[in-house]
Amino acid sequence: MVMAVKRPQRNNRATNGRWFDVLAGLSPLVVLLTVWELVGSPDSPFYPAPSAWWPALFTRGQGEDIIPAIIDTSRTFGVGLVLATVVGVAVGVGVGASERTDRALGPMFEFARALPPAAIVPVATLLLGFDETMKVAVVVLAAVWPIMLNTRTGVRSIDPVLLDMARSLKLSRAHTVGKVLLPAVSPAILLGVRVATPVALVITLLVEYLTGVSGVGALVGDAQRTFQPARVYALIVIAGLISLAVNSLVRSLEQRVRRRHAGGGR
Amino acid sequence: MGRDNGTRRWDALNPGGVAVLLAAACLWEVFVRADVANIQFLPAPSEIAVAARQAVMDGELLGRIVHTVGVTLLGWGAASIVGFGLGLVLGLSNTAYRYSMTSFEVTRAIPPITFVPAALLIFGFSLRMELVLVIFGGVWPVLVNTIGGVHSVPSELRDVSTMLRLNRWETVRKIVMPAALPEVVVGLRLALSLCLVLAIVAEIVGNPEGIGNGLIRARQALQPALMFVYVIVAGLLGVVLNALFRRAVRLLLPNGTVHEERSW
Amino acid sequence: MSFECRSVSAEVGKSGAARIVLDDVSFHVAKGEFVSIMGRSGAGKTTLLRVLAGLQQPASGSIVQFEGRNVDGPPDGVGLVFQDYTSALLPWRTVAANVALPLEATVTNPERRARVEATLEMVGLADRADDRPPQLSGGMQQRVQLARALASRPSALLMDEPFGALDALTKSDLEDELLALAATTATTVVFVTHDIDEAVYLSDRVLVVAGEPAHVAADIAVDCPRPRTQIRTRESPEFLAVRSRVHEVIFGTR
């Protein structure tokens, strides 16, 4: 996964300085879009000007498809991510807690993990058909790995003192798991979910694009096949916005949990 | 792909794991033959093996592999050069960084997959489309990690270069680049995996060559066993390319610069 | 009788590579006594404490009893304080919630709150009840652990080098607080440490554990008068005499 870029330490900026950077950093994009606007024409078959993008969403009465498509994409992504989390945590805990299970299931998992989701899509459509189930299945297959691996690491790095402590306080099994183990593992799980989120979104869009079942990806594919480049670009922007929104949401969620664990300010 | 210790530990002395794998394959075989869940088109491992043998003997498999790997490596090479060069500039020049970073972050947030349709529109069903996609996608990991690597050069080292009176170019060559190297290597590795995946996607959608296309052909001909062969080959290619990359890094940079970035 | 050990042996490590850490250890701890288990690092003191706590099974033939009953798993009425407070406290719970943890299954809400308040009052942390452990200093975190252990109203406390990670000044404060608490609540205390001065200062008896595998090398009574004070007691001839004896035993035995 691509990591976030660290800013150079030698610059101490005040908060308003930060905002300036964020806006200033947009200059290449702004320049590019401006030049494009000036140079391109709305009818260009390849590079329609940006001003043509938004209207293109609504031509031929296709405007009403947009919101349902966004909902479809969100649903597949959401369900897929949730299922991937459930499966990933369950397997990750099992594998993290038992060294033997870990070694036994290892090769199988390595094999499955190596298969690129893009290649799995055609197989999935053949075996499962062209429906929501197939979409979700592929998303889960792709997104489960980071969650499972991070949960596994989290379980393995639980401090043994915590377990001793729980035993010495005579906590029941359920209470030990619920009150001590799960909270201790949750930062790791959330890290896994954060890594899995862009994966789930990308795969959702990919499946939609390749299969045309439903969602924004399907709209993009449709626009491309019917030679509506402005619409394609507009939908790409929409996809990007969804991606940005989802990623920052998960990131802030992860930070909140992380802060609870670090106790904040000492 | 995060397999250093995992590979060594799991390959050596893991009869249990291998046994489980074989047992799973046998179960699968039985499952299909007994037609338990009535999933139409699910091939049994034996059928996959037969199809694999056939594809190898046809020579078609090899040709497709060569194409996909060729495009991947070519695109990855170009992407690495562009990404590294651009990354160096942006990393070294504070001004350039400030005035461009948000743009890159925003563009980066858009998954490369979404550019496939645009690429198709502009370049049609061609090798060029595949290459453009591979290069465009591959630039980002290299770019971002190069910038990160340059930024992570400790300020003390910069003081060292001032003390030694190194000029700008020497500073970059002798101090910044080696210090940034570990992170750049990580970016290169991520880009390699990404380039392979993009090549395959491009082949599935647009360029009638390579593994991706083989996969689609098999699907159109309703040959699930052959499809599985291509899927497995795709996975193997990823593993092999990754392993070769690590081997190359270990040989060329013996100072142990491969460091893990993965979630393991 | 609080604790009774007879011919206790224990192993550490996975089967095959197990190491016999304790061999034929026998001693007893009377009700209300403060006993220190002293020895070099790695001598087996922690293992012995874990056996007493029911966290570790001793080898067969060992007899470990708490208040007349065989110890099989953590016994009721025994509280345990760990050395590593960062790992033994839950950073995502407030101080009050941490102290309440052992009571959640057994005591009802109003009673629970009352007890938590009372125990925090005892250790002087009533005003930090809503903070989280990482916001507290090391000494305070140890007091939270102590409070948690005391919340269940144990008749005995087992403490594994609880002040080992603290600075000297905090240490002496906590030593005195512990003595006061033990006296007020009449709790039996078994205190593991590698600090000779601490062991002698705190206890009624010092058990020296030494040798490989470890056994009880000496059982020395400390006849310094109570209440003890940091300066006066530590300068008294009785203190110095016991201290030398312990020193002799430890450094005489290899």
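Just so it is clear, A, B and C label the chains in written order, and each chain counts residues from 1 on its own.
Everything that follows uses one rule, which is that a contact is a pair of C-beta atoms (placed from the backbone, for glycine too) under 8 Å apart; a residue touches a chain by one contact, two chains touch by 3 or more.
On a predicted model such as this, the values are computed, not experimentally measured, just so you know.
Student: Under the document's definition of touching, what chains do subunit A and subunit B have as common neighbours?
Tutor: A chain counts here if it touches both subunit A and subunit B, and no chain qualifies.
Student: Which two chains are joined by the greatest number of C-beta pairs in contact?
Tutor: Going pair by pair, the biggest contact count turns up for A-B.
Student: Taking the mean of the C-alpha atoms as each chain's centre, how many Å separate subunit A from subunit B?
Tutor: 18
Student: Report the inter-centroid distance (CA atoms only) between subunit A and subunit C in whole Å.
Tutor: 49
Student: Please report how many Å separate the Cα centroid of subunit B from that of subunit C, as a whole number.
Tutor: Taking the mean C-alpha position of each chain, the two centres sit 55 Å apart.
Student: Within the complex, which stretch of subunit A touches subunit B?
Tutor: Going by the criterion above, the answer is residues 1-3, 5-11, 21-29, 45-47, 100, 103-108, 110-111, 113-116, 118-123, 125-128, 146, 149-150, 153, 191-192, 195, 198, 201-202, 205-206, 209-210, 217, 220-221, 223-224, 227, 229, 232-233, 235-237, 239-240, 243-244, 247.
Student: Which part of subunit C faces subunit A closely enough to touch in the complex?
Tutor: So the residues of subunit C in touch with subunit A come to 50, 53, 55, 73-74, 76, 78-80, 82, 84, 87-88, 90-92, 101-102, 104-105, 132-136, 148, 152.
Student: Can you tell me which positions in subunit A touch subunit C when the two form their complex?
Tutor: 159, 161-162, 164-165, 167-172, 175, 179-180, 183-184, 260-266
Student: Along subunit B, where are the residues that touch subunit A in the complex?
Tutor: Going by the criterion above, the answer is residues 1-3, 6, 9-10, 14, 16-21, 24, 39-42, 94, 97-111, 113-118, 120-122, 140-141, 144-145, 147-148, 151-152, 155, 187, 190, 196-197, 200-201, 204-205, 211-212, 215-216, 219, 222, 224, 227-228, 230-232, 234-236, 238-239, 261-264.
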